[in-house]
Amino acid sequence: MAPAARPDTATLLVSCPDRRGIVAALAQVLHGHGANILESDQHTDREARLFFQRIHFDCEGLLSDRLTLERAIGEVGERLSMTWRLAWSDHVKRMAIFVSRTDHCLYDLLLRHQAGELPCEIPVIVSNHPDFERVARQFEIPYRHVPVDAKNKREQEQRELALLREERIDLVVLARYMQVLSEEFLTGLGRPVINIHHSFLPAFSGGKPYHQAYERGVKLIGATAHYATADLDEGPIIEQDVIRASHRHGIDELVRKGRDVERSVLSRAVRWHLEDRVLVYGNKTVVFG
Amino acid sequence: MAPAARPDTATLLVSCPDRRGIVAALAQVLHGHGANILESDQHTDREARLFFQRIHFDCEGLLSDRLTLERAIGEVGERLSMTWRLAWSDHVKRMAIFVSRTDHCLYDLLLRHQAGELPCEIPVIVSNHPDFERVARQFEIPYRHVPVDAKNKREQEQRELALLREERIDLVVLARYMQVLSEEFLTGLGRPVINIHHSFLPAFSGGKPYHQAYERGVKLIGATAHYATADLDEGPIIEQDVIRASHRHGIDELVRKGRDVERSVLSRAVRWHLEDRVLVYGNKTVVFG
Amino acid sequence: MAPAARPDTATLLVSCPDRRGIVAALAQVLHGHGANILESDQHTDREARLFFQRIHFDCEGLLSDRLTLERAIGEVGERLSMTWRLAWSDHVKRMAIFVSRTDHCLYDLLLRHQAGELPCEIPVIVSNHPDFERVARQFEIPYRHVPVDAKNKREQEQRELALLREERIDLVVLARYMQVLSEEFLTGLGRPVINIHHSFLPAFSGGKPYHQAYERGVKLIGATAHYATADLDEGPIIEQDVIRASHRHGIDELVRKGRDVERSVLSRAVRWHLEDRVLVYGNKTVVFG
Amino acid sequence: MAPAARPDTATLLVSCPDRRGIVAALAQVLHGHGANILESDQHTDREARLFFQRIHFDCEGLLSDRLTLERAIGEVGERLSMTWRLAWSDHVKRMAIFVSRTDHCLYDLLLRHQAGELPCEIPVIVSNHPDFERVARQFEIPYRHVPVDAKNKREQEQRELALLREERIDLVVLARYMQVLSEEFLTGLGRPVINIHHSFLPAFSGGKPYHQAYERGVKLIGATAHYATADLDEGPIIEQDVIRASHRHGIDELVRKGRDVERSVLSRAVRWHLEDRVLVYGNKTVVFG
């Protein structure tokens, strides 16, 4: 069940070089068109001299049509050298989930979606294994099995790309998908991809992070949700969390404990993205709470 | 050592009935007077139909004098039925600490002040016991011993009031002060008083909360920083936190563990108050992070 | 899927008046019968002068049969006035889940069970509503709809009792079951019942805890898993946890945030119970980690 | 103030190859000599096939003298190829604190010591800077200023070694001491050294961890207390913790927030060491809670 669309609001995300008067200029243009600001949050990176703002506003009393408002924002944007993005709440984002053979993140996303916590549609689940077709069916979501091996990888990525385009996907979530996506795929997709890495990055990047954590004898294990980039495990971090471990925990138990933190970290990151709370700059994110 | 004054900024705290255009009106008046908004945060309580905003702005390029700006804000305020407060960063708040016979909260406040974490002056420490005079001396702060018993309480509170007025105190912090302050004192003072209660209120209000927690067998113990009101333990909550306990912990160990959470909760609440991040309404607070 | 039985271990839970030599006496009797101690944990409540111990041991090299070992423990137990319980790991506990109309705790238990985290069988789900029959079917667990109203309550509880007896249930878990169980039911059942209360007890006991929390303006919301007793919300606490809230969260959002902490607190409490880690005494628990 | 000595208890720490009957053998020898076991905790590393145990026992009813008991333990130890250590609670450990130019960890240790939380004596504070002599004087602890530069390092380390030997130091704590200790020093000392690293190791090892964390855009910052070894930042980890950060926090604020987690992590690690709760094996620790 997709959550009830909230047809009368929109969210503006803005970044630009810092200067005086940005807040006033944006408040003015929105107010002038009859938009009522419901939430507003801003951040200035003083070192990088960059300004960021998220404005969530009510469109019920809009005095003009959307196009006119967008054009007006565009004019302010040009004057202030802004990068900006306007998301209307009646455009529900379309999210594809990729999964391999562990289902805890998949279930967490599906259950939260069902409970109305994730404002999106999920038109497809893609997997390189057939294991979770039954789960997909329970939630009435099409399941596409796209087996990948060393030989067919490029070809299969092209199939996936075609599928994602056909489904007009806005966001791909790798819910413990154990295939590395090629740079060609990421570029071809041109849409954000969120990945969950099962460690507190940058600690234990690469494969088998729980084995690494066990060997090093750490007292906390973590998980990191980040945007996927061609540099594996190096993309902008959206959210991280940890859970306490001790000498008592063998690798199996670290894996079990880790599932809890992985699923909650990934779901938070996905929700924030869907609510247009995340701005990327350089290799970092601004997450408006 | 008082932290370096930040002479060129100010913070505006506003609450008013919710309606359209408040954000734009305030942004406009500030921008029009040459103020540059550094941080802005807002909140709407939709049930109570109240609007709250905190705006932290740079005054360096102010085009008018402060009085003119205040008058302009006052006009907007009147139009929008606002309650508002403007704090100039070169007015350093003056904080008095009250303490009885446990020193962990006292030390935490003094050390953070010394490290520049608390933007205030501490002109006096007041205690109903002589125990911590030596501590006060180490930090070069005057220590006033005002013994209180059942008979002299009213008289001693009057002495304290006179002292606090003389020192032009803006804020009183009860850092584990074990005397109940009378309504007469609180009214007479007319300044905010922050108290630390050693439980997760409303659980275990009243005396001996760690004994109560031990008897009930809870698995977490907590602390609550709140504004003091005549209704003991019932004032608006600013901050709370908890720490894990178990069957292993006797009352002494709960007390020991509790010290860590008490001191950090109190210091956070005090810092937020000093940074003009807290707005009280009804029996609640808005804390802008 | 029930987790792989671990046929060769057992867990001994013991409580008795504190005195010298208990540890040695138990170690001796186990060692003498060829049991190899894998884990051992103990606790002394010095005020109550009570001793508690949990011993998890390997039975592979047992020199006698089980009955002989039980008799030997029984003799030590009698000598030391012990209450004791011996759980063989090949006796898999049988757990019934009661649920009303919110499914997050139900799903969490079912998914963890499926992942092998909960060492039990789940022969039946009981509900006063028909809503989750489909969920039960997905996990291939029988679903019994037992509607309850003011008039038929006693009669329906008798039906439930009969059902639980027939299914030889060892543990009942109330996974957000919104009916108060009568003392007659609890006594008639004679088996432990674990409930999840959606607040940090003793704060906000009774109904609508999130509404109460919202009214009081607390900065953390919590959940408490406890054994059910005839005194509602007063039974021995097994586990508690909290999650941070703020002025931004309306009641709906407190409810949403609360789901995460409810499900994890309940699942931990259930797992600990199933692993024979929990001892009740008075109105408290010892939970061996 | 040193905490009241607890003269009638002792703690036995044991590690050995795993085999049957170790628990029984130790319980037997202690019981046979009249020791009453107050706490006992054990751990088996099944991969490494190693057994660890900590036994805290009451010596009031000891039937023999200490030497006889030690000899008896020694015999069991030899039979089972044990490494063991027996700490009598009336031997109060002597701890030296090394510090450079930040005082939060120093103060935290001194205040906890004063509050009776750390069972040790602190006969000396050593620093390569004169800054905190006044702090040492407040707590009535001798302060030794040993300036170190590239040229005199070896010579100064020799002075420090002589001093530590003279003071019969059992433990050195590096409370933000910014000099790398040479392998020669560590070997010469032959006593444990606990260091606090201001990151969640292995992330951000090396210098300026907060700058690294800021650059990488992590959402949590951490601290790690570990035993110092010649491989900087590679020694066995005793304790770690993290604190939430966001895009709002510049490097200065990460440093400020980090102080809280550094001091609490270091103090916990030191307390556990002083209470004989930590066993090192390979590059890991077992910490008995």
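Chains: A, B, C and D, in written order; residue numbering restarts at 1 for each.
Everything that follows uses one rule, which is that contacts are C-beta pairs under 8 Å (C-beta built on N, C-alpha and C of every residue); 3 or more make two chains touch, one makes a residue touch a chain.
These numbers come from a predicted model, not from an experiment.
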Each chain counted as touching chain C and chain D at once: A, B
Centroid-based (C-alpha) most distant chain relative to chain B: C
Chain A and chain D, separation of their C-alpha mean positions in angstrom: 42
Mean-CA-position distance for chain C and chain A (Å): 37
Residue numbers of chain D (touch at least two other chains): 289
Complex interface listing, chain B residues touching chain D: 103-104, 107, 111, 115, 117, 138, 256, 259-260, 264
Chain D residues touching chain C - in the complex, by the definition given at the top: 20-21, 23-24, 27-28, 30-31, 36-42, 44, 61, 289
Chain D-facing residues of chain A, complex: 43, 45-47, 200-204, 216-220, 222, 236-242, 246-248, 250, 283-287, 289
